[in-house]
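As written, the chains take the letters A, B and C, and residue 1 is the first residue of each chain.
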Amino acid sequence: MTDSTLVRSLHYLLHILTALLLPPLLPGLINKVKAVAAGRQGPPVLQLYYDLAKLARKRAVFSSTTTWVFLAGPVAVVAAGLVASLLVPFGHSPSPVNFEGDMILFAYLFGLARFATVVSALDTGSSFEGMGAAREVTFSVLTEPALFLGFAALAKASGSLSLSGMLASPGFAITRATGPFILVLAGWMIVFLTENSRIPVDDPNTHLELTMIHEVMVLDHSGRPLALVLYGASLKLLVLGALIVGPLLPRTSDPWLDWAGFYAAMGLLAVAVGLVESATARFRMNRVPQFLVAGLLATAFAFFLLQA
Amino acid sequence: MILFALSAFLVAVSGVPGLFLHTGGGKASAWLLGLGALAGLAAAGLVLCGNAPPSVALHSTPLGTMGLLRLDPIGAFFLVPVLLLSTCDAVFALGYWGDQHESARRLRLLFGITTAFMVLLVAASHALTFLLAWEGMAVTAFFLVIAEDRDPETRRAGWIYLVSTHSGTLCLFAAFGLAATGNFLFLPWTPGLAGTTRGTAAFLLFLVGFGLKAGIFPLHFWLPPAHAAAPSHVSSLMSGILIKMGILGLVRLLCLVPDPPLWWGALLVALGALSGLLGVAFALAQHDLKRLLAYHSIENIGIILLGLGLGTLGKSTGHPVIQLLGFAGALLHVLNHSLFKGLLFLGAGSVVMATGSRDIERAGGLARAIPFTAGAFLAGSWAICGLPPLNGFVSEWLIYLAAFHGLAFAHSAWPVLALGALAMIGALAAACFAKVFGVVFLGQPRTPQAAGAVESPRSMLVPMGVLAACCAALGVAPVAVAPALARAAGAAAGLPGPASLGSLAHFGILTAIALPMLAAAALAWAWSRKGSVPRAALPTWDCGYAAASPRIQYTASSFADGLVSAMRYVLLPQVRWLRVRGLFPSPRSYRSHVPDPVLDRVAEPSLGFAARGLAALHFFQSGQLPLYLLYILITLVALLVWMVA
Amino acid sequence: MLRDLLIALIVLTNFTLVATSRINKMIQVAVIQGVMLGLLPLAMGLGRHLHIVLMVIAAVTVKGWLIPYLFRRASRKVKVDRELSPYMGFTASLVLCALGTGLALMLASNLPLAPGSQYTLFVPASLSTLLTGFILLITRRKALSQVVGYLVLENGIYLFGLMLVEEMPLLVETGILLDLFVGIFVMGIVINHITVAFDSMDTRHLAELKD
């Protein structure tokens, strides 16, 4: 990794541009994979970009029950997501902002986003949205510790307390601690699917409100706020995906090749999610906590394997 | 020292003019308290900026009196929330507990006296002074709790509080007796004392005594009833600073022990995790607003204990970084918690005054009726969940850093328990406050009282605003408090020399991130508001189910039901559910209640059992004088026979 | 010799006290007992000390004149004549008192007194008087009888204390003061209050003060 300031700032610029522009591609990819697996042609991969542009032109309608809190949800999701994207390394290049303990801020930014979404859902006074909010917070109780225990395991293995150090440090090789490492990634995959409301936790394509979690929390948004919501969700896909993809990437000698590798890996992750969504059905609601506990146990086990 | 003495004096007499004035007693007390607070804050500021700690001593008792009152950095750090919060509470009481209440004068007088005792307590440097101030504070707080003494629930809460605080003081007497070596000054323990049986016994007694005051898990049972029964500004004082005095005691103990054994830190971490998790779990199941907030205080005490435990573990294993971070996190959380919990209780008082009820299921839609209270409550909720960029995040951040340092470098499994517990606590707290804020302030009003709510007077809103502003300021710019915190934490951790916390904890970067985040949020807000339809009387679309009745909104119990039923083997809720049966069912109901585990399930049944058992001995107490004399005669004869035989 | 006679008489008065039901007789016998006790130091041959003579005079005055005067005043106000239904019958009380005296004699021989001292009869006599006092206090219903019992109790302690009168006369003089205390305080005030408050001298009513 060269130390020249120009190259570093180019990397940071690419990082920021990726965070701003790449996210809507991912849901498009996932939907395309699902469609192809189902034998359909499906929407184009760039569909979400078109949707965002269309929504930006539309006017938003607010119900009389809502207050300013209603708008705070989408705003907080996007703001928190953008800041989190600055903290997480994409591939092997360190993030623009990294310092000891940034993973704590990372996790709590998503906590902020979740709190804002839940509160804006309750603002509508609708029982569907309340239901989705209740489920969301219930599941978060199990995913937060899983995330943190994964951080603990990686911190112990890599000896670094920063995301860039844990995921992208030059000395951290996948061969060093394979067993615990795979457990951490498995647990984090479960967290990824839950936080992004994918099957088997939540079906993004359902139209039955009683079964929704994330979709129903944003049911009443329209126009530009809805654009923010969709963009924020895809940003979350990117940022949380970077957590999983980063350590798996093999290291090459050329940093630009690393970037290409990162894009390819994100694409592969999206394809994998699409395949998982096509192949499995969504769990019954009372089975989801068991699923999450499995994720928590995986990361906890990983830590204790490293401790021993 | 003059500033400190002046502060204590002004605070103590703040309630006195109210006894003689017909009107304006409240304003006088608020002014006096404010002036006293300014003096005290100046004194604290001087100490925290590095000046020598002022001390005053009385020279007569034989138990050693070299430094009776000494305002060192730890005491100065605790003094800040004491004075700040009590002033805000006194101003709040102007509108909330005005002269129309018959107990207003008494309350003002005792409020000042309690605060004065707390001011003395933070500077106490001798066991007798400490115990005197401690008992004074505890007993006057009892009178504050039973302000509405006509209500039997309040009286019961007051009794429970009194019993627990006196039991705690008893333990403290025993502990000070065990720990004293010669005189009773606060001097460092001799190395090796902590490992002996005497040291262990003293530590455990201190833990029980201070734990009863602070509200550590099994000893927390007095907190929810007392906080629910007391007037809101008193609850704010109690939750914000009274229980922190227990933490002050623990901090003073830990800073005096040079070589704590490993199990001390482990025990503190375990108790912290237990209090934190159980506190927030029980808070989730409550539907009384102030009981809920009281359980959250227990949770935050758990978080503070996690910090103290991690700091002690660092001290035991010789890692000054963990020591400093742990103690700094705990101390900062003391300050932060007093700010946001005080704010939340004041907000709760405003809500109670607006709707007339503490039950959150009777509120709803208050954000439109009482917007300033709603905003302040949101700020408090945001802070207590530890979400960036407010102050709750900063103190939890420090504790997390201590835990991460601990597990990466100290090879111990206790930090990971702290880590997991903190993460789960954070998620549960977010769930609980989303529930509270959502049910109370958002949606539609559930009762006519809630629909008719009016905003509180300015005297109640200004203190909330001040506290919210402090939360925001501490969260966005923690560098401002970093030097003071470093000095206090360094003293608490027993580290020699000055500590540099700001760079260690990257406070500058936190500020640097918070500002762009707020800027991005503002931009997004402006962009999304730009193209919106002017607000019309449109109901919530709700996927076409536009039957916007308040009754179909999600209730608080339903919101928490997922988590409560998941944790039902811990919470043990009592559910009364008359289920719907038949084709034309009569009105059915559902009621759930989670009683406190220690008070309602352990303490009361066992004490009742003991009382019934001992009532069997009433036979001996017949009231007949001759019978008592017979007892004396029998004893005498028996003694004679025994002596001779 | 005179000394032993007086002590034997004191023990006899114990039996009388316990067996009678007439309150005036009880008072008279208690007074006689007190006077004999008061004169006992002289019979012990301690008349050569001036302060003991003064003490004897004081004791006889209090026990012989002051106490019966206060008692008569109280009984006139209260107009109670007889102890009607005590908890333990008179015959039984008498038997108990006799048994107790016998026991006290047996016990006293086992107590660690200096052998061959002149005080060998003091201990059993005092224990017997104590027992009498207790019996009166425990088994009698009327307040006046109980006060007499208290006086007899105090007499027993005084008798015990007479063993030390040479070495610690102050101790014994305090006993006299105690008599005064009984007389003035207990009788004058308590009986008055009992009458006023309960309109009766039956001490069963005092049990209402329990709990």
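Just so we're on the same page, contacts are C-beta pairs under 8 Å (C-beta built on N, C-alpha and C of every residue); 3 or more make two chains touch, one makes a residue touch a chain.
Keep in mind it's a predicted model, so treat the numbers as computed, not measured.
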So which one's got more C-beta contacts, A-B or B-C?
A-B
Of all other chains, the one whose Cα centre sits farthest from subunit C:
A
Counting in whole Å, what is the centre-to-centre distance of subunit A and subunit C, each centre being its mean C-alpha position?
97
Centre-to-centre distance between subunit B and subunit A (centres being mean Cα positions), rounded to whole Å
36
CA centre of subunit B versus CA centre of subunit C: separation in Å?
65
Of all residues in subunit B, those that touch subunit A in their complex
364-365, 367-368, 371, 374, 378, 382, 385-388, 393, 396-397, 400-401, 404-405, 407-408, 411, 413, 416, 419-420, 422-424, 426-428, 430-431, 433-435, 437-439, 442-444, 505-506, 509-510, 513, 516-518, 520-521, 524-525, 527-533, 535-543, 545, 548, 550, 552-554, 558-563, 566
Across the complex, what residues on subunit C touch subunit B?
87, 107, 110-111, 127, 130-131, 134, 137-140, 146, 203-204, 206-211
Where on subunit B does subunit C make contact in their complex?
621-627, 629-630, 632-633, 636, 640-641, 643-645
Contacts from subunit A onto subunit B in the complex sit at residues 56-67, 69, 71-72, 74-76, 78-80, 82-83, 86, 97, 99-101, 104-105, 107-109, 111-112, 114-115, 118-119, 121-131, 133-135, 137-138, 140-145, 147-149, 151-152, 155-156, 159, 161, 209, 219-220, 223-225, 227-228, 289, 300, 303-304, 307
